[in-house]
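Going in written order, the chains are labelled A, B and C, and every chain counts its residues from 1.
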Amino acid sequence: MQSLLKINGLHKSFGNLEVLKGIDLEVNQGQVVSIIGSSGSGKTTLLRCVNLLEEFQAGEIVIEGQLIGYRDKGGRRSSISEAEKARQRALTGMVFQTFNLFPHLSALGNVTLGLRKVLKQPRAEAEETAAHWLDRVGLSERKDYYPSQLSGGQQQRVGIARALAMAPKLMLFDEATSALDPELVGEVLQVMTDLASEGMTMLVVTHEMSFAKDASTRVVFMNEGVIAEEGPPDTLLTNPKHPRLQDFLARSQR
Amino acid sequence: MNYHFNWKVIVEDWDKLMWGLLLGLEIAFGAIIIGLVIGLVLAFASHARQFWIRAAVKVYVTFLRNQPPLLLLFFAYFVLPRMGIRIDRVESVVLALGLYAGAQLTEVFRASLANIPKGIREAGLAIGLTPVRTNTLVVLPVMFRNAIPALGNSFISLFKDTSLAAGIAVAELTWQARKISTDTFAVLESWIAACVIYVVACMIIAQLLLALERKLKIP
Amino acid sequence: MIEDFSNTLVTATPFLLGSLWFTITISAMSIVIGTAIGLLLGLASAYGGWVTRFLVRIYVDIVRGIPGLVKIFTVFYLVNALLSEVAGFTLSAMACGVVALSIHASAQVSEMARGAIQALSKGQTEAGKAIGLRFWQVQFYVIYPQAIRQILPTWVTSSTEIVKGTTLLSLISVPEFFITIRELAAREFLYIQFYGFAMIVYFLLNFSIELLGAHLERRYSRY
């Protein structure tokens, strides 16, 4: 099994506050890794470093053998151009907690934007690809609707289609269901679960323990900027060793 | 009351009033275009990384928007030629009002920009667009469409300000009305006519802008 | 260039100061009168019956549809013509200016006031009534303090518009600051200097009003 994502010694600070204190993580192709932890543990920041929405001060992120975020010039970090960063971001797809759909474009438009402007596909081809992905997330009937005309769950599914259409190697989910009304969570989780079972490599920050337990290959528990415990879902969730994890799971049971 | 209403003069010179109205609209149009360009550029410039650019924008906006437009007009018409810039009456009105509008519109666009959720930019970056393209393909269209109501108000405001051109003898509506009133002594008629024309014109423009807004609004 | 200007400036200082004072006086009067009328109209249209609201609406729409300069000319020519016919006297140019500028301000203020009061009215009035306050008490202790805070920014804009509007009075020969600048610039051929000087003066005048507004906003924010 091939290593898709390798993170070594990742350190990230916001000013004087160190948020990631040395993260080591490896994700192989086809694996689904769920990251759980309380707010402030750094899990979202970790995700945002992988697709360069945040800059990190030390450590390495390697996707499919490519060093991400900077160039290595004989052991020293050298910065890369915005165009290069944009290309590296296209290796991953991100689904946001607040959906972040482009309000001025229809569902179809949201998905085709990247295809036409980044992958330079002609309009007809882009629309076909986009229609296919919208159909995959169950929204082919709504493809001409605008974000304001869609429910939260539908918007998030468009967000997933938008990310998938770019054919990323790795999908990043940043608390994809946290902003949804309870009745709408299910439809999004279903899409994510289907994606997982089809072999997509996924890094999922989530509070949905059901997903962590049923759909992930591995669960990672983060606490105060480090990975406190890591393991297969069955053992980690039912038999937590780290005391913070025990507290966290006890609180989550409510 | 011994006043005999003499509406005939208004009817006779109606075309002059209408030409004046048209000139006012043309000036307003020219000014809003200038203002739009300035406003868009400066709104984005006010987020520049270099401090001096941000400061320069702030200085321009704060200074200009506190100026009486009539003073700007006189400055453009009287001072610029002495600085070697050849400019005629109408052009100086368009320039002066354009710069004035630019200051207002910078604020309008800045506010619209600030109201765009940060996440939308991030979504653009996440699908692989560079920051520049994210701005042009995603941020700009949304910002502009959201700013249309305020833009419409600015245009109406500019249109009313074109009346100031009468101060440097540009033959727009106000100047025409004053001429009729002083030439024919039909004071009541000419000023009533001027007021009515302005009010009706503003109402019509407002309705047209509302229709435009509805058409261009983000659904 | 600078030398001529400073010499002229020194000689002209009394005229400039006098006319500047005139500008400030006219502005102040117009702001006060305009705000007073505007507040009354705003209150009337927020709480009045449909007839009142309709009349205020007409007033506001008409006044706002007419450019400031046209209002000034209308008062100067039309109102004076009427007054001399009907009452046998006319208003001085300065009085015309104050009347026109006050009317201009009143329309803006009335809209702001109406908007602020209506926005606050229902919830806050109910809360006030619920703790036993009577109508006028609710107005003074609950609605107005909050309404003032909301109105302040737009009121500052309206007031600076009045100050800028005083320059228009030069077109009916009111001896305010701008006409003095125009005359000096033309007489001495020092256009850049005098117009530039005027820009600085007007900037300072209006910016001070902005600062005053910001200060008042902060004061009224202390709950």
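The rule is simple: contacts are C-beta pairs under 8 Å (C-beta built on N, C-alpha and C of every residue); 3 or more make two chains touch, one makes a residue touch a chain.
Because the structure is a prediction, the values reported are computed rather than measured.
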Practice problem: If every chain is a node and every touching pair an edge, decide which shape results: line, ring, star, complete or other. | Solution: line
Quiz prompt | Pair sharing more residue contacts (C-beta pairs) when A-B is set against B-C | solution = B-C
Quiz prompt | Geometric centre: closest chain by C-alpha means | solution = B
Quiz item: So, what's the distance in Å between the C-alpha centres of subunit C and subunit A?
Solution: 56
Practice problem: Determine the centre-to-centre distance between subunit A and subunit B, using the mean Cα coordinates as centres, and give it in whole Å. | Solution: 46
Self-check item: Chain centre separation (subunit B, subunit C; CA means) in Å
Solution: 21
Exercise. Please set out, as single numbers or ranges, the residues of subunit C touching at least two other chains.
Key: none
Quiz prompt | Partner subunit B, residues of subunit C touching it in the complex | solution = 61-62, 64-70, 73-74, 77-78, 81-82, 85-86, 160, 163-168, 170-171, 178, 182, 185, 191-192, 195-196, 198-199, 202-203, 206-207, 210
Quiz item: Can you list the subunit A residues touching subunit B in their complex?
Solution: 51-53, 82-83, 85-87, 89-90, 92-94, 96, 98-104, 113-114, 117-118, 146, 148-149, 159, 162-163, 166
Quiz item: What residues of subunit B sit close enough to touch subunit A in their complex?
Solution: 117, 119-120, 122-133, 137-138, 141-142, 145, 218-219
Exercise. Using the touch definition up top, name the residues of subunit B that touch subunit C in the complex.
Key: 1-3, 62-63, 66-71, 74-75, 78-79, 82-83, 160-164, 166-167, 174, 177-178, 181, 187-188, 191-192, 194-195, 198-203
